[in-house]
Amino acid sequence: MSLPRQTTVQYGDIVMIVGKDHKVFLRTVRQRDVIQTHYGQVDFDKMVGMPYGEQFRTHLGNPLYILAPNLEDVLIFLNRGTQIIYPKDLGYIILKLGLFQGAQVIESGTGSGALTSMLALMVGDEGKVYSYERRAGHLQQAKQNLERLGLDHRVNFIQRDIEQGFDQSGVHALFLDVPNPTDYLDQAWAALRGGGFFGALVPTANQLIELLYALQHGPWFFIQAEELIMRPWKTVPARARPDDNMYGHTGFLIFARAVSRETHYIVTETDDPEIRPPIE
Amino acid sequence: MSLPRQTTVQYGDIVMIVGKDHKVFLRTVRQRDVIQTHYGQVDFDKMVGMPYGEQFRTHLGNPLYILAPNLEDVLIFLNRGTQIIYPKDLGYIILKLGLFQGAQVIESGTGSGALTSMLALMVGDEGKVYSYERRAGHLQQAKQNLERLGLDHRVNFIQRDIEQGFDQSGVHALFLDVPNPTDYLDQAWAALRGGGFFGALVPTANQLIELLYALQHGPWFFIQAEELIMRPWKTVPARARPDDNMYGHTGFLIFARAVSRETHYIVTETDDPEIRPPIE
Amino acid sequence: MSLPRQTTVQYGDIVMIVGKDHKVFLRTVRQRDVIQTHYGQVDFDKMVGMPYGEQFRTHLGNPLYILAPNLEDVLIFLNRGTQIIYPKDLGYIILKLGLFQGAQVIESGTGSGALTSMLALMVGDEGKVYSYERRAGHLQQAKQNLERLGLDHRVNFIQRDIEQGFDQSGVHALFLDVPNPTDYLDQAWAALRGGGFFGALVPTANQLIELLYALQHGPWFFIQAEELIMRPWKTVPARARPDDNMYGHTGFLIFARAVSRETHYIVTETDDPEIRPPIE
Amino acid sequence: MSLPRQTTVQYGDIVMIVGKDHKVFLRTVRQRDVIQTHYGQVDFDKMVGMPYGEQFRTHLGNPLYILAPNLEDVLIFLNRGTQIIYPKDLGYIILKLGLFQGAQVIESGTGSGALTSMLALMVGDEGKVYSYERRAGHLQQAKQNLERLGLDHRVNFIQRDIEQGFDQSGVHALFLDVPNPTDYLDQAWAALRGGGFFGALVPTANQLIELLYALQHGPWFFIQAEELIMRPWKTVPARARPDDNMYGHTGFLIFARAVSRETHYIVTETDDPEIRPPIE
């Protein structure tokens, strides 16, 4: 199973079929699979071999577009036991973590596997994602989600309370999406290579402040904190304007680099936005 | 030359050296290269073999952190003849374009190669980026930038006015960062595979409206328009707050899927944000 | 009837009574008025004379805070046939329109009277609001809303298609909240004093562009366009963060000054954000 | 002296004269006053009696528009020893504080008098603003600014460390723009009438959290926290788009109502955004 790679529908592809009302059906194509929709029956055996971008006709003759989903399309349909990291943040995270084909990266918690999937997409077959999760249920669900995406071979899932640390060391990057990232900075530092990329996502300003304090007082440098705000627009050209509603907040993104323990500094709590923390 | 892959400094690495004032020096490590900084002399031969994350001492004994840059760090120092697409948008674009290791993607214009670099990072050695640019000067500059990043082998640079169309067909995705993307939708459609991912970035609402109109009236589906707004925060924990200044705008991101010509629809210019374009 | 002016509840006051679940009841206090709530009966005769800020007990003994509403609290409960201008914009509009006690201001359309109320609050008993509305139903409803607020004596309601122009001239300021403000700029200019303040609110970028074009080509100067974005935060101190959802958009605010016809200029359509329109 | 009230220029008016390059000169019109500009000499005696919105010619014949400023225009030119509250916030504050003609309101600190001016505009001649400031220099400067606006008769300036409390009681509303508003909540509560409107502006999330905590644990109800974000747009119609740069942050606005001491509650630190604090 995987995201489609061919120009025509294959068994095992995750296909997105979309009706005139933009209602989306996401399905992995399997033999002798037939689903009922309000447009009529969809027989997937009949869909195999059809080119993506064409219309499939239900047994009632209603047209449905056959599209290849991107990761964002699939994430919406992932089996989810947890809040996921939003697409607007996923792409930015892999850039800030300095990832590339062949990189090794640690994340915790696994959650539903949304970030796991994006990390796996980026590091390629030569790379590896080590994904830590305390809760067996979430880990199992994430595994299934990654299998469905055909990316599970790039991921090692480890059930662990990261209080006990990580098995790897010298990894390129590490991301924490846990309620209390501040508690695991020592474990994170131990797993990262020198200058390695650290990232975290926290929903509240309280957590942001706590994490900034710990990073500023520890062996971390180049500390950054940001919000990434997505503002969708309506797409009717005669009435172009932002949507009436949007997400007001998903979380704060914090990034830093692991540096040698001897040389970190204590931040001066200055009011001047331009003053940057000295090295020593 | 490339982004560092080892844990210690190698000849050919792009290294980022950073002083206590956060002033950043970006340099490709070469033999017998010495630079003067306000901290003193930096002799790169002496830096080779040092672990990233450690401090290098200038001939005056001043400490400078040695860090491995991520793409964002490098983009700031790229030789630039043009405005670049901002990091906040780069990561999101590769997600929305449905890219993966091995994908083929077209972009135009090349500009300074910022998006080119991000696309090349994502598609890996098995993939290919076809980058079209009309202006020889920009193309030459972008080539040098990609070489510096060690990603040029993943990119075909073509000097071309895309009015004449693209050489490739059946590509997975195509992105336009040109002043008049609306003029090239036919060429884009011809280059994309069925259901292929189209994206564009335009700075003005006028261009957004024009492009939405053309997409709604052409063989395109699943049209989306969004702004991605980056809000940086100060990192002094005792005074956590957003920076006083931020970018108010970089551009509007528009995405769509190429669908079969027979079946597209004409959008009804409705006021209702919930009404979605019918397929036929 | 009016917003409360005394420290204790009076007949005719609009009172806001709020239960522990923050459910708000808004009511004008009248004799022999009793309402049923999920907290029990509220007998308003028993509330009269109680100090604001105290708790009233229902016949079941449940406590309800008695509060004096501000205009925002009341607007939420106004009889509304139309979308109202949001509080975040109301306050800003009266500042941008240069209003003061004794000023004369025109608005159209009246809608449900939200802006009418704010304008009336600002110009005081010595000032006057001329409110134009084409639709009799809305006008009637707005009148009732202003009466309820005790502000109707400061407003002249005129049922009129403003295509025919305004009865007043030499007014300090004029605000248009209509679908096609561009069509009424001549009428607006004729009603305003020299240098008078013009404002408008439009929901779409198309209308914004059209209005900017007309203003730039007419006897208007000091043209400004802005969005005012309200981002509410949760108020639980241990988990301070922006609300998950917010309004993505209400409208664009445009302001300008009416200047003498002889001397206006034609804007050069420049790309340079710093170039400002020359006077002649 | 005052903001202009007539349609023609009077001695004592604050006039705004604006050249083709949008360079603004703000000046109180006085006899025998002549200023030099890069457009040539401006003789204010010659300007008296001219209609606003017309053009004045310098001795070189260069045209300058004569405009009546609104409060925002003047604030930019106020003698300022301190950061001022931005116009986007001023209008919203007077709405949230439930002000009206005749209201009594306390503010501290006075700063440069920006909010003082807006409050004075709103409460009218029948109302009163009590403005507390510890620093004599700022108080003197604010007085001059209010005199210049012709609003000083509506304001009582008191030099005081508000640690010692306020002289008034039973006021309709009170606003704190001081570094540590949390320290003065008891004094604020004592000055406010039952159900009176409290507001504060704080720049940092740390202060926001501290203030929310104190309000949630004190005799306050209907607590709200918000950010008001201003996004200016370019006004060239052919290239409509948000400005490249904007203010990322000015401050957090917090509002609450003073309620009887007996009955306040302790907030449960819940994660659920919908759960609201119970009354008791």
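Letters A, B, C and D name the chains as they come in the text, with residue numbers starting at 1 for each one.
Heads up, the rule we're going with is that a contact is a pair of C-beta atoms (placed from the backbone, for glycine too) under 8 Å apart; a residue touches a chain by one contact, two chains touch by 3 or more.
A quick note: this is a predicted structure, and the numbers were derived from the prediction, not measured.
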- prompt: At the interface of subunit B with subunit D, does the proportion of residue numbers present on both copies reach over half, so same, or stay under half, so different?
  reply: same
Message: So subunit C and subunit D are the same sequence; what rotation in degrees superposes their CA atoms, nearest 5?
response: 180
Query: If you average the Cα atoms of subunit C and of subunit D to get two centres, how far apart are those centres in Å?
result: 19
Query: So what's the Cα centroid distance for subunit A and subunit C, whole Å?
result: 43
Message: Two-or-more-chain contact residues of subunit A, please, as numbers and ranges.
response: 205-206, 208-209, 231-232, 238-240, 242-244
Statement: Note: in the complex, subunit D contacts subunit A through residues 205-206, 208-209
Message: Give the list of subunit A residues in touch with subunit B in this complex.
response: 3, 5, 7, 18-22, 51-55, 63, 65-72, 87-88, 90-102, 118, 121-122, 124-125, 170, 193-197, 205, 208-210, 212-213, 215-216, 221-240, 242-244, 252, 257-260, 263, 265, 267, 269-271, 273, 276-280
Statement: Touching subunit A in the complex, subunit C uses residues 203-206, 231-232, 238-249
